[in-house]
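Shared between the two complexes below is chain A, which has chain B as its partner in the first and chain C in the second.
Moving on to the complex of A and B:
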């Protein structure tokens, strides 16, 4: 093989190798080699993901068709039971109750996050610079808190004995919350989880929306207010159209995340307190599959759950890919 | 605001009203700042408060007699240094390996066109959306087969893989941000593609590489689900698992110790996050906002 001058090699490699070009030029060993470069570069990632993510995912699906408990784990061989696991799960009231509870929980969390997030972002625009910097810094600080740490702080703040929440509510005259137990009912348990999740999710939403608001043309806002348009009309006709794509993305991300929530619910409610009355899907999958060592049935629940999440993700992924193509 | 009030003459009054309005917004902004930051503040102050102030019915908003005792207690707990070491080993090895692999793939995505490219990007984004709990069971079963449960290796492999998609996606963005002309001019000057790559691209992408690594560090350091399932022995725990077991019963909890331990866990994350937040945290919405 003859040595080509370097610039020419570079040109071949730099040009995108389209199908048409490949047919027109003679197929040399070097050209085949350079066409293989991107695949070689991607290969390690693909192999790692296939081994550590793909294979378990495949395993999950096969497990869901097997009886697989501790004895089978030791023997490393499950017994094929067909659709038994799925039949058992879908015939279980707990599954449907949990699904409905998770959907309601997700709806409430996403709605709160998005509405409060939008209001906060709109507020940020109206603040004087020092206060805006202060609030933005506070948001970033709250955002940076690790979930497991935030859970511990929540446990302490909502503690029935000396928790600051009970003290504050009582002192402000909201009611008598002396030694009030926030973890007494399912509703209040999930309300505390909601509070924690919304607090943790707000910074990302607010700062993303605030970045989006900076795209709204200033002249348009001024013109609208000089024309005497109401704040609501300015928002609806000028601000909202600009924010729409980012709102769409943030809402779909929030839905995916809140539907898949585990750590906050599991740790805040407490391992000893989670049960069929307060399961969210993530906790349900974890307890039924891992906690009860009934891996086959747990896998069936996982498969159903992941399918729903995958379905929800389609909207997000499609939008991201489309935006990239137009960008 | 009605139209009439805007058109009425008397600019001074209008201006005063606008100033008042801004003051009101500012006040609301400060109130919200207090509410949002309060949990962080309460964690740190509790960690420094003496026990009698923590356990009194009347809260101490700002302690005048701070103590380091709770931090000493937290560090003196069994396995503390083992756990810090575990977390550091797991996170550093996983992130290091992940960055090398992710960078190679990111170069391929940014600098080449190849069949299956779009599928690859969609796959990365899709994986990013999978809730990890759903994969705990099969991963446990698979790793148990290779005797990698209750060993840091299993967690390292897992973290490496789960930080890949975001890292690939982010790094691709950083590489795409490097002007093509720079590289091309280097190649015209006679450097090989690899030479141009090392001399031009790498230094320009370095800040992005650092930012992505720090973000991966945060993700891995914060991870709880896999670590809690895969690492059973107490001496093998990572810091988040350690922290989750810190809290005993609801009565007679050592709140000061718990908050000190929480503060210690949060410190590296908060510091790194403040550094990289601006560069990277909006990766998942990039494209929707052109900044």
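Moving on to the complex of A and C:
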């Protein structure tokens, strides 16, 4: 914040050097010009954001106040119904069930991602170079795999009849997994989605944290261990404070990502198996809006969802700003 | 993981883009028409029939090009919605019979009642198909062809176990048990049925005199919790548990039943007649079909009659669209369609093949405008999974599904 008025400060500082009213005008012009430059520079971005984000958002909000189903789509004219869509959504227990389910799902996914990610990053630091390169390569490969392809591979691996997972578990003598159904219950369906998401999210978290760990001063670590600190103590008092901002960003981003998950949940559970018992927010909006061709109601759910994500983001941005100030 | 948050929003944005794109009007140029057929009609033995219809159409309308675009069942409705919003819908569209009602109710098609007499065989159209093309006493869809469901079975295994083609459900169940004992393989299904194959499960409901839903003085009511429907669902559960080793929670595409059959893991399977296409070279000569028997000896079990209709969307060129439909549903065209194994749209051409016998006794989904929402909300599949896995009793699962169906069908 403190850096933005800099050009003006410079202009003001230059003023006392000039004498006489006649020389003031060009200076004022220059002052106006230099004040406008930053705005001109951000203008393209603002216009682009307004066009690609602002306009759809405006349409979304107006849509949420209209009855807009298939007949209206064909007539290309919605009917204003005020808060009817919101009333209907908020009065629908499916919405609340889905919201609670999505929050629990997000909490579990984020916790697993962050804990496993941190452990793997700490492991990465302690590994010998060849093993570290191997592990890093594996992580990058997992990260670069397109989601839809990954889902398909998971579907094959966990297939009821011919899946390699059932075969391997049975062959290794873990138990009788012949024709084990990994998608038998709502819990197991969502657990499979969780596994897939955590697997997909880990590379980014591990590599970011690993980069952060390289910022921990080695001499501090050495000094701490010479002073007789246990490894837990070293982690808590030396490593953790350095990692804190990165952990914070990653957790916040993961919450936002996992809250809005659609692709993995819809494809892994499958179009023929998603139902009110296993909806996550993304799937729910898709079925209500598109499956039922009730675009107005779908828009209302999206607006509510957007507000929830915005709340999460405000929290995150405030924390970030505060951290920057204290730094 | 990347675009996850935006995923949902992007969908909405896409919807908006579709809605916003209210560009140029729909009046198609008269020098060409666009026809949407499903990819099935792109098969090597099917496409010539389409071409012949195009030629017949062009003899009457010289200089009008026919632009046939092939669609897939999975996403043709979403594409159709977008074209309706954009005002550039095709001139003719093929619709599944279960998809028609919602679109007719929304006013997506042009009324072709006055042309009815000029379509070939319109007085002998198959009842099940013709019903799907009518709404509010008006005609919006012309029957195209139907597909019945039969049992495809391994003649060698039946012979080895000394089983004759069953004539009742009880006989079939006993035969399945015998086959299972004979094979003694845990992966082998005497009758492969995907647990949540609701088309097959509902046949048991109708066989017992039950229904899915009924319209009572303008309001829909789910009827799966009635004693007759519960008897049907119980019969389905018992038959499944005796005959199938398929997953209790999967659908009939993961895996495809004919893939299981081609691997040698099924003594028979239930599904559309064309399943016999894909059983593999090894079993092709050892494969035959019969009509699913009813609980009443000597009767067929009512089967789901799938099928397609042809309609002229709003904004399309009605006279050219209707004329193309006339050419494609002509007696000659129907005779050709029948010759490649489809059920023609008219009883006058119906023969005595196993598919055609199966088509004689059929049931159809409730003709409610919201029926599609019951399908894509997976209410019936969820109920079947609950029943087969034992999570809920038949009565509990049926009651909950039935209540759901009532509320979905009556939603505005």
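Keep this in mind: the second predicted complex is superposed on the first by the 259 of 327 C-alpha atoms of A that agree within 3 Å, B and C clash if a C-alpha of one lies under 4 Å from a C-alpha of the other, contacts with A are read in each partner's own complex, and residues count from 1 in each chain.
Just so it is clear, contacts are C-beta pairs under 8 Å (C-beta built on N, C-alpha and C of every residue); 3 or more make two chains touch, one makes a residue touch a chain.
Being a predicted model, the structure only gives us computed values, none of them experimental.
In the superposition on chain A, contact is made by A:126 with chain B only, not with chain C.
Touch criterion met: A:139 reaches chain B, while chain C stays clear of it.
Annotation for chain A, partner touching more residues between chain B and chain C: B. By the document's definition of touching, neither partner reaches A:217: not chain B, not chain C. Contacts of A:49 after superposition on the shared chain: chain B is touched, whereas chain C is not.
By the touch criterion defined above, A:260 reaches both chain B and chain C. Shared-chain residue A:241: touches no atom of chain B or chain C. When the two complexes are overlaid on their common chain A, residue A:285 makes contact with chain B and with chain C alike.
Contact with neither chain B nor chain C is seen for A:33 once the two complexes are overlaid on the shared chain. Of the two partner chains, chain B and chain C are each touched by A:299. Of the residues of chain A, those at positions 56, 59-60, 63, 68, 73, 76, 147, 155, 159-162, 204, 256, 259-263, 282, 285-286, 289-290, 295, 298-299, 302, 305-306, 309 touch chain B in one of the two structures and chain C in the other. Per the touch definition, chain C reaches chain A in the complex via residues 1, 4-9, 11-13, 15-17, 19-20, 22, 78, 81, 84-85, 87, 102-103, 105-108, 186-187, 196, 245-251, 253-255, 260, 265, 314, 370, 372-373, 376-379, 381-382, 385, 389, 391, 404.
Chain contact summary for the complex, chain A toward chain C: residues 56, 59-60, 63, 68-71, 73-76, 147, 155, 159-162, 178-179, 181, 183-185, 197, 200-201, 204, 256-263, 270-277, 281-282, 285-287, 289-293, 295, 298-299, 302, 305-306, 309.
Across the complex, chain A is touched by residues 1, 3, 6-7, 22, 25-26, 28-30, 32-33, 36-37, 39-40, 42-43, 46, 54-59, 101-102, 104-105, 107-109, 111-114, 117-118, 120-123, 125-127, 129-142, 144-145, 157-158, 160-162, 164-165, 168, 184, 187-188, 190-193, 196, 221-222, 224-225, 229, 240, 243-244, 246-247, 250-251, 253, 255, 258-259, 261-262, 265-266, 269-270, 273-274, 277, 281-282, 284-285, 287-291 of chain B.
Contacts from chain A toward chain B in the complex involve residues 6-7, 9-10, 13-14, 16-18, 35, 37-39, 41-42, 44-46, 48-49, 51-53, 55-57, 59-60, 63, 68, 73, 76, 120, 123-124, 126-128, 131-132, 134-135, 138-157, 159-162, 164, 167, 199, 202-204, 207-208, 211-212, 214-215, 225, 228, 230-231, 245-246, 248-250, 253, 256, 259-263, 267, 282, 285-286, 289-290, 295, 298-299, 302, 305-306, 309-310, 312-313, 316-317, 320-321, 323-324, 327.
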